[in-house]
């Protein structure tokens, strides 16, 4: 007896009911863990934020908004998710005894999911605050090893503090915890402390592209990025405040001078086209503004784009699909 | 293989994850349709509202807020829902071709659920706008017959228009459609049109308790109510604007002079203690105000109270529980 | 050629169009100045407010909300406004050179309206901040004389400062300017300065009912009020912060401990039943909260109630109506 | 006796009062239907929206914001509206019996206005949701014939569904209903379904410029647009979500990657310079965000720009003005 | 050279400038620690909240709102603060390494302040979330001993969990940590878990007045309260959600059925009249709703009332004031 | 005895407490007037605004947001404020007797501050509405003379009205009052009246760069600006609505087509590099949108950038710093 039958005792009524609550509002048949190549985990954790509040409500807002995102993607000329499927997991419970304990919990969950018998090809994680990324990267390393791993980090802030407000696991230390594990490539940075600037000058494994270069129309840094990720396993971590405050005001510390939607897509395309794999990504720090849905919607669309580019990039299609011609990573020629 | 195993491939990870998305955030084992005596259906429909907007977001807001409601109810001295269980159904899809078509869809779903092989003892319905009640009552009649059926209606508005803005199924006609089916008892009314007043004067099957009497501290009308519902099957329909605008501002046309939280509970207690059964109730017209959660929370608590009083009233406990002493409908004596 | 024809070149299209923009959304035929016994003037002025902001948007919010108020009033058993009519005037333009100049402008307009050939039986004025009341009362006195005039003042604040922030015409001086003109009866007061308290102790012509007495369930002060207004011409000035902050949070300085909706109606009834006439009233200080319509709606309903009680009180009905039986100032007996 | 005298019984008081409530807050003398070449109709209809809510409040918000728009337009070097005048009609009443019935009502009104004895040179229509456009174009065709008619459509969504949620007249079908009547040119499209993409590939009469091309700095598509509209009668329909979500977040489904304010003006200029006439345009889908006025203001300015460019384009000036030198459609040289 | 001179280099300019930023906007001379008998400490800490967010912004909102509170208090017939003075301390920095570390920091600060050479007669503390109370009571005990100490606790929630979400110092454990130190009297409780109910039944040192009794118009429990605090040192801790959600919606989990403003004052009066001393109180859990100032204002007024009643109760006046006649704790008889 | 000791009686407690309330949340030692080269004055005045409301809350919102701005500035490669220091003055009290009286008060304060014995090198002023600039420039002239003085004005509106709504000191006259004192260079203008356009055409001392030129990517006008300010004393006045409405929606009349964050910095750099001195600047018209912090944050960052560029420009560094190499006005080459 299938799960569907258990849950839906009056099959004929189904025609009137909406799909279950999940990312993109997908039909059940492509969301079972066995069939979905992408899995999505929510971590509605917020405890170390300095200013503003509300990142704990970010994951739910992204999922709610995602139900209005069109499945068809003009760039791919198809409904990509209908090919790869996404499984939406229940949110991780916050642990409040300490940020360390919470980060540990995230590590356990991520490591467990990535090393399970059934496991996703790509695990997307929704924050919550950026501090969770320390747990995400640790879980990834435990499940897959740190060999050949690099991180790509979009953010307004360097997040390279050794410690902040008495914790190693503040949101302001997110990238520092990552760079202790693997090399990192930072994009969109426009806010950092004196100590962070000093650290970055001496750090051999961090490459920081500041705001001016990140938003340069020519996007010269994209070549460096392509080189950085080539044939690597990439952990892609996006703090939404890396985007310009005009399109993404719903973050704790929105900063002018950030990167545009188009540039964000350039980064995703560059990573997915060149990396060996992107086993995990996270999108963090959405703090929904009541009544202002544009930010939630953009974040939802971004997460869908990330899944699609990573799971539909040409190389991967060869391995897993019959008809690579139908879905190529470039605009369809004419319409 | 159980449904739980299908959905949760890494059992040990479960410890870190929250319960599934459902009313009250209940553990899966008491939410399966076979085991839950209460079922909850969302109808996020909004098409005929005159003023204000947002009732389509009411059901999701109530469910989100319900996850913070304490399961323990001091009035019962136990966690009532752990005894009776609630199954949360997916929302009904809006049909926009006409209000008639939507009301028809609601009728189909309600009739289907109530006459299914597995079926709830009590079906709660969350609106959406009040117009859906016409479908709810019709579905109830189709599944159970109109014999012995009466309606109890809490509202600020009489909703007795024959037709409004060109439709028989406007929210402003909700009670008129009901009174065509069964006698109705209205509470909290303080806004009606000249035609409605004329109709009510001539209508034999409607009993209207206006605002002044509804809010009278002595609650004299409760005796009449008890008589009205005694040994009847009751359909209880609550438009949240029946409550005072101080505690429930999140409705389309909030009106001063409404009934209090305590009086609302009096009504529920009176109905559940005296009725033969309350097979269906609905709670409609919540239009969440961004950033103002008190209203969502009150609505969630109200829905829980309605389930508990209906399913835990003494008579019913005899039939279905071992230990009626533990859960009685009155405050525990001392603490 | 009637005005209607001029404005509506395609008569048959009229059936599809809404009524013009006016208080209560009334049909044109009962809003012409010749036929409307009540006139409504907006004074969207805000310049001296200490805290909060937005009273300049109060009049528009009240008029917008009024379009959803039901014309039928259960207390009267009819649609009162269809008998007396209301003419909505365009708003007074703010003058910013000084509060004095603005108050002078209000005086000119009010005096002009009240002494025109065509003139209203009752002029309602919507603020804007309370400072405008100084102009309203001066205009009234100029048009009608101060003989036999008294003021009834609902407010949380005594507003009895001689001068505030360098101006005689601050909102905090509203009642002081009135008491220089005529005796005043204050209700709901719960915030005043040391100087105001001293002044009130020495002032023979001000009677202040403080919060505790104003909200006393027995309403003992209503008898004093009846005596105060008996056979007088009454100027009724309502600062909405006199109401409790639970039902009226949308004011500059919302105060707990205020009067209820029912008590507010008691005051209006007492005044209209006992006064010789109420040629002018004002309702001031609504500062709409974006997204929170309950306050706007309550204010709109209050203004309608004020017009109805003043224009429909038994004595006046004798003078102007054929069928006083139909519309009496008490709840209809049964329904 | 003029209408002005009827309405304003105390002429000297007028100096203190604001202009009547109308688009741009214009003085009465240029708003009479006989003298205004542009008429503005509001259709505050919302019934089929999937997500978000509030388009029914769009027209009122645009009119309110318009009262702060400066009449002088630097691009024209004059106050254009003082030459052509705008008459603001009362809003169309919603019909809720079905979307079909509402669309029919819009058709009746638009056809009636355009074929009346007195009639506008340009009719602007404010939504409300996009579904109303089906009625607008049908009314236009009935009054003027479909011969030589083309549509220009700015939107984020193709709106080319044959039917949606059970209705042919959903907002998601707006463009499909138009293309059944006349050829269409779509700009800014970045969200469509698989079926819509298939339909567009096979449809000979639709030309779709997707987001990437619409926002291309060179604006290459503008030449195609000029050719498309040359010597045609153009129906211009603007769904505000075609604009970038950074400048227009106040829509149901705000999408990143949209067109800028400057590009929007390019489209308007291109259309008005090349078309034979633009007898009707509409601006739809504004769903005001409480407290966030920038979007309302932009929409109001856009509507003014549309009237001015259409009514002041050089060809038309010859016909109707004395001094075409004063008002030319290009920036004044120096200042 | 006085501090004032240091900070204000151009004394004559002072006349134009506002008072410094402090609670009630007091003139500098009564806010120096040496002269102020009341000190106010902010603890903008939020890390363990389950739902809603924003208590970290509570203290700043209270202080901002307090600047509009009238210094004169009608109940005392004077400006009480001008007699006793309040010193506003800078906020405590959040420590995020763990709730334990933060609670420890609060303990250090409170203990330090209460045992300093200069020290307040009453220390008021503004939260932040309720978890801080564990630190407050510990600091108090360390500085003054637990002998003769009792706690009075206003709240909607029992807060008696042994541990919550992995921490002993969650907001949901606040009262449990207190009752480990001293007997507690709880008022307004209407939300608790099964375990908490069990604990309360067995706990000898906790006295819980549930919602029904707390809101009973006769206030019978006030006698018990008077007995409980008589001649004790009282720690008074107010979670604002103990108030009814109609007057205090700006809390994480607003609950209907709470106590009124007048009842809250009854509690304060009863405590201050009967206790030997109230060395510390706290007011916690305000989570300001953007745009809704009524809640902030009520909280500010409450804090002022608490200082005044505690510092001006008759017994204390004898000790510290010359003219006890001027300031008595009861309404002035006439005005 | 130092002021610090007076205010902080328990030195060891200091470690737990935050810095005092001031711009950027600076440590006390660099905020004393003697040591701070920059002083910041708030003028929370709002009385003449036509539309929208809330500029009186602008200064407090900027200071609150500034506490989250990182002190380190990547462009300078250091924490500039730690070198020059900023002293935050208490806000100027509003005078409401008339705009003239308020402008006079601002003049007194500014003149007094600039001519005091201790005085700032740069005085920053936060509005409040733009009308205050008339007082600022008059105060500057009185203290320093108008010789060699020019003004640079960023705005969406020309603000060149001779008088508006009966006052010479409306916000709409701000630039007109300035140009009566010294030549002015306007940037970003896109809204003006016919009379203003006429005035600008005839005015020899105003140079207006309209929107199209101000936003031109090549920034051709910056050369003209450099010439205009060369070796002059510059008064820089920034109305935040000069910025594009996408990044700055929180103003009374947000206008599309404004200048970007990067262009705003270009203007500041051009002025500070070329001027002889910039003794005073103001940033006005922020009207915070509840819940939308991006605008407050941008304004705070802008004010910091203005102080830094003016006080750290190379020429000035020579005069006042030891190590000009560390802090140069250009991006650090590598990182």
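First chain written, first letter: the chains are A, B, C, D, E and F, and each begins at residue 1.
Assume a residue touches a chain if its C-beta (ideal position, glycine included) is under 8 Å from a C-beta of that chain, and two chains touch if they have at least 3 such contacts.
Note that the structure is predicted; figures quoted are calculated from it, not measured.
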Once the contact rule is applied, which chains count as partners of both chain A and chain C? B, D, E, F
Most distant chain from chain B, judged by the mean position of its C-alpha atoms: F
Taking each chain's centre as the mean of its C-alpha atoms, which one ends up farthest from the centre of chain D? E
Taking shared numbers over all numbers used, above half giving same and below half different, the chain A and chain E interface sides are same
Centroid distance [mean C-alpha coordinates] between chain E and chain B, Å: 39
Where in chain C do residues touch two or more other chains at once? 93, 244, 246-247, 290-292
Name, in rising order, each residue of chain E that touches chain C in their complex. 67-68, 70-72, 74, 77-79, 244, 246-247, 261-262, 291-294, 297-298, 301, 331, 335
If you look only at chain F, which of its residues touch chain E in the complex? 3, 6-7, 9-10, 12-13, 16-21, 32-34, 60, 64, 89-93, 105, 108-109, 112-113, 116-119, 290-291
Spell out the part of chain F that touches chain D in their complex, as residue ranges. 50-52, 157, 189-194, 196-197, 200-201, 208, 210-212, 244-247, 249, 253-257, 289-292
Residues of chain E that touch chain A when the two form their complex: 46-48, 53-54, 56-57, 93-101, 164-167, 170, 290
